[in-house]
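Order of writing sets the chain letters: A, B, C and D. Residues in each chain are counted from 1.
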Amino acid sequence: MQLTSDELLRAYRTMKSIREFEERLHAENATGDIPGFIHLYAGQEAIATAVCFDLGTRDHIGSTHRGHGHSIAKGCDIRGMMLEIFGRRAGLCGGKGGSMHIADLDHGMLGANAIVGGAPILAIGAALTSKVRGDRTVAISFTGDGGSNQGTVFEAMNMAVVLKLPCVFVFENNGYGEATGASYAVGAPSIAGRAAAFGMPATAVDGTDFFAVHDAARAGIARARNGEGPSAIEATAVRFHGHFEGDAQRYRARDETANCRRSMDCLSRFRGQVTQSGLVSPGQLELIDAEVLALIDSAVSGARAAAPPAIDDLLTDVYLAY
Amino acid sequence: MQLTSDELLRAYRTMKSIREFEERLHAENATGDIPGFIHLYAGQEAIATAVCFDLGTRDHIGSTHRGHGHSIAKGCDIRGMMLEIFGRRAGLCGGKGGSMHIADLDHGMLGANAIVGGAPILAIGAALTSKVRGDRTVAISFTGDGGSNQGTVFEAMNMAVVLKLPCVFVFENNGYGEATGASYAVGAPSIAGRAAAFGMPATAVDGTDFFAVHDAARAGIARARNGEGPSAIEATAVRFHGHFEGDAQRYRARDETANCRRSMDCLSRFRGQVTQSGLVSPGQLELIDAEVLALIDSAVSGARAAAPPAIDDLLTDVYLAY
Amino acid sequence: MATKSYRQALNEALAHEMRRDPDVVIMGEDVAGGAGGTGEVDAYGGPLGVTKGLIHEFGAGRVIDTPITESAIMGMAAGCAMTGLRPVAELMFADFLGVCLDPIYNQAAKFRYMFGGKARTPLVVRTTIGAGFRAAAQHSQSPYHLFTSIPGLKVVLPSNAYDAKGLLIQAIRDDDPVIFLEHKLLYDTVAEVPDEAYVIPFGEAAITRTGKDVTVVAMSRMVHFANEVADRLLAERIAVEVVDPRTTSPLDLDTIIESVSKTGRLVLIDESANRCSVAADIAALVAEHAFTALKAPIRLVLPPHTPVPFAPILEDAYIPGPARLEAAIRSIL
Amino acid sequence: MATKSYRQALNEALAHEMRRDPDVVIMGEDVAGGAGGTGEVDAYGGPLGVTKGLIHEFGAGRVIDTPITESAIMGMAAGCAMTGLRPVAELMFADFLGVCLDPIYNQAAKFRYMFGGKARTPLVVRTTIGAGFRAAAQHSQSPYHLFTSIPGLKVVLPSNAYDAKGLLIQAIRDDDPVIFLEHKLLYDTVAEVPDEAYVIPFGEAAITRTGKDVTVVAMSRMVHFANEVADRLLAERIAVEVVDPRTTSPLDLDTIIESVSKTGRLVLIDESANRCSVAADIAALVAEHAFTALKAPIRLVLPPHTPVPFAPILEDAYIPGPARLEAAIRSIL
């Protein structure tokens, strides 16, 4: 355990915030008050948190349709996110984007992306900016197991190798792309192995283990910062909820999610690891739990009370000048 | 040498036909009478010939912008091709396609393709037809080193593995994509290695050696016919001419093509191999040379004399019914 | 005749044609309900429920779950169509054409012409369009104007369950590549739909309301708005004729011009785009070929030149709707 | 002022802006003349010669040769634009949009709106259009109608060397994503082009011929045909006004309507498409907003609804040309 207790608490706060955010959205969504579709990240918190742990505000990430966790881990304002998901004017994107398009360029968050496999080609662009300016920032893309098969993702990896771009391709293998199993849709023996064949270091890690992901991410980020080029990480994970809220999930064995929650919960695993190490006490974690709960509560009540966009907003923000 | 002397003569005739066709086009093009752009295959004949050698009419190939060699190897009518390249009504495509769109569905030739990387996703479709019908036909795609980086190509390989399709992905690495070196644009250590990481057998062979290519193709085709799924071949090759006719090629070392013609000519290599083996006599080859020359002569004079399309052809062949 | 949903009508059309012709195959993401899961087969029933149950009858060999690689899906469909099958490929949302346009635009649509009439590509791409689902900018578009502009493609926009079945059967039997656009907000609409197979020919508009005062051309979901406004205006003795082209390529321009010749007035309502829309295309054709019949300016009721917004209040304002249509009609009476 | 080609004017615009602003970078296939070869650097000078010499002045760090992966090029360009650079990405032929539409259509064009006004994507995509090069169906298209229909994009169609330079400089300085379409058959045309940098604002049409009898709207290469016909008809005292919008998005509709208000007659010549073209779009706007000014049917001179054929005789017949334009004008006088 190379992290200080303050750092461990910071990591825990992030993971717990994501978990609480998502579980609460699950409940709120059932009331019918959230417009559209939401895809929950619960179960995968260790990945976003560990990957973003060493990033600064000026580093960039590109995300997926399942982007809440990445956004929180990258430092986006939780109230702003909640407002956005409820379609409010004060939301991070003025209510124009919603869950699938949360972005926050001031925090280096290039956007959730409703096009599967959308992030890698954008992330290499952010990495190019870094290379041209020589500012030692890095860019990270998140992609699912389903998205890992998209042609654009492979193109991005090749381009990154050719131009030696400072980026890391993170693949979150949660076993499913919608209802289709990764074991079916990924023809290759492994996503990491396929990435390695593009000419970069690639590691496969247990994505329910914060520390394993963090080690891999730290190595990839250091490599990128030092101008040594791209690398890839495949992190296996579990999706606690359906593909989207409303998904009956009958394509999963009846007790699959329950089992996952019992035996593969990254959050309880982390809790165990850090309390056993003695660096952190259960009481410290409980304090964070309470603070996080209060924050999410207030984010939800704030979002519920907030005003929708004004009708004139329809026509703004298309161009800077037209 | 597992081929009979008749087979060797057949292979030689194909290779020689391609060579003569291309060298003659090089000369004809200089007269200014050929419309548009042509990309010559001279130098790569062993690959098309060896890959298509064991294919039947009902097997399919998908080709590239540099498609004359593939077309001849697959059995397209040489006169029809020449007519097409000159833009004549009696051409294989009625003069509507030209060099970059020669196709002949009656001979299993799915078309040259002016979209780089265009063939693999079409070839998997032909392979799917075979699988659905259970007719033991196979489908082959040709792609260049430059094209090997296209996202669609990777998607095709993954799909073929997932659906266990009867196809072979052939990559012709002639060192350049237009003016850009393969050593620059292919970030991976090897195209074959990258294909293998998708979950299929992949071999790298010397594409100037007909027999090496033939061995690899035979294995891949047999595998596909037997329902064992896709495989890939990377064949290194040399491009005797510019990217297109008119290319000054100053991005190549001054004596590069001359050296290639001297030391890496698949045709003279084949001639040496088969005459040394004693299975074929130089006289037999010279006879073929003369026959091929006569055929190309008459194809060119036929094409020069032939009529262009009628103006009304502009509006036909868009739909079967509209 | 039984009342069926648009979704069910489509499902029946697929089942009919798969029974009838062994060359018909279906491919797309989760169309077989999601392969490789640990639970039930066909649990998903296709992303929008249209392919539900087909895998049980026709098997995984003909109802093919694919990876999320739309270019490979469309390319594979084009390739198997030109070699003898009749694929129905699903593109979950039309918005995703961005990752798979080439096999449609430069390949399937052009084979026949490029190859001098020697290719046949009986491909059907089924896809979904439409705003109103609160799915925001990348899942709510209706880019059928784009497909309409591509020579070699046929473009079909069923506005109701009856048409959906007949047009889809025609699409599958058609020998040319067809883009078949289903509106997300129509899946649960119902109509009388015969159990047996029937075809609706392409290029034949439907007149859903007859009237002598003004012609409204509407497609897909917009037809319902047009009918609604026509019914409402009847109370004021304003007789609106509603023409639903059903296919935008081929386009039944004759029926439109005939109607405009009678009414002298034309309003178009169209969700495709603000610029270079199908509505603008039809307006231009009328302004060229039936100019003298026009007694008033043509009116276009279109979405604004913006992406589709997320917040319901904005999205509702984005969609060309009955209120704007009615105002447009009144403005030229 | 020196006479320069359209190609050279573009090259100068790129060089000016790269000198002026270190954030301007260029990327595309062979734009640096082809990396990794065994011979001279910059031997190719860009596929169409436009980027020739830039690598020598600005280096491989800013003039970036890429693999043949257009989605990655466009995505990378969008990504670096939203993080601070001003990329000029080259798409060798506009036809290739089929393999790279998503980063343009669903990403760059929509960032600003989806993100509530918080993104800025100063991206320029330079690409080539036009039939007449004997390059057949997949290398001869002019799909600017499609780009025009996408909210969030600006669409530029320079018709001459002078405009090419001023419009490209504006495109690079512009903070919105711009699609800049160069016509292959204009590269060798010449005009007086100042050595220094200058900008031509977007949304301002040029009137290239003034006349009171009929308005012709023409874009890109078609402007030359329109001017030619206008000059010829002058001998018969038919005064044709030619309007070149220069940008189709934004569109200077005011200038067009002003001209039509004067002439009462409108003909459009447009290479983009037969259906849902830019010409149809403008025709519809005029039929809606200036209907009463019209004294005759609008006429559209468009390519047929076919792919671009290879054989010269067919391709020449495909291209909307002066003869058809003249006939269209005469038909409404």
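The working rule: a residue touches a chain if its C-beta (ideal position, glycine included) is under 8 Å from a C-beta of that chain, and two chains touch if they have at least 3 such contacts.
Only a predicted model underlies this, so the values are computations on that prediction, with no experimental measurement involved.
A.B. asks: By mean C-alpha coordinates, which chain is most distant from subunit C?
C.D. replies: Greatest centre separation from subunit C goes to chain B.
A.B. asks: Cα centroid separation between subunit A and subunit D, in whole Å?
C.D. replies: Here the centre of subunit D sits 39 Å away from the centre of subunit A.
A.B. asks: In angstrom, rounded to a whole number, how far apart do the mean CA points of subunit A and subunit C lie?
C.D. replies: 35
A.B. asks: When the centre of a chain is set as the mean of its C-alpha atoms, what distance in Å lies between subunit C and subunit D?
C.D. replies: From the centre of subunit C to the centre of subunit D is 31 Å.
A.B. asks: Give me the residue numbers in subunit C that touch at least two other chains, ranges are fine.
C.D. replies: 66-67, 69, 71-72, 95-96, 98-99, 102-103, 106, 113-114, 136-138, 151-152, 304-307, 309
A.B. asks: In subunit A, which residues are in touch with two or more of the other chains?
C.D. replies: In subunit A, residues 93, 95-97, 101, 113-115, 149-152, 155, 158-159, 162, 184-187, 318 touch at least two other chains, as defined above.
A.B. asks: Building nodes from the protein chains and edges from chain pairs that touch, which of line, ring, star, complete or other describes the result?
C.D. replies: Per interface graph, the chains form a complete graph.
A.B. asks: Which positions of subunit B touch subunit C when the two form their complex?
C.D. replies: These residues of subunit B touch subunit C: 60, 62, 91-97, 101, 103-106, 110-111, 113-115, 118, 120-129, 131-133, 139, 151-152, 155-156, 158-159, 162-163, 316-322.
A.B. asks: Mind pulling up the subunit D residues that touch subunit C in the complex?
C.D. replies: 71, 95-99, 101-106, 109-110, 113-114, 136-138, 145-146, 148-149, 151-152, 248-249, 251, 273-281, 283-289, 291-292, 294, 296-300, 304-307, 309
A.B. asks: Can you check the complex and tell me which residues of subunit B touch subunit D?
C.D. replies: On the subunit B side, the touching residues are 35-37, 87-89, 93, 95-98, 100-101, 113-117, 146-147, 149-152, 176-187, 248-254, 256, 308-309, 311, 313-315, 318.
A.B. asks: Using the touch definition up top, name the residues of subunit D that touch subunit A in the complex.
C.D. replies: Touching subunit A: residues 23, 25, 61-62, 64, 66-67, 69, 71-85, 87, 102-103, 106-107, 111-120, 151-152, 154, 174-176, 203, 250 of subunit D.
A.B. asks: Would you mind writing out the residues of subunit C in touch with subunit A in their complex?
C.D. replies: 29-30, 33-40, 43-44, 47, 65-69, 71-72, 95-96, 98-99, 133-139, 304-307, 309-314, 317-318
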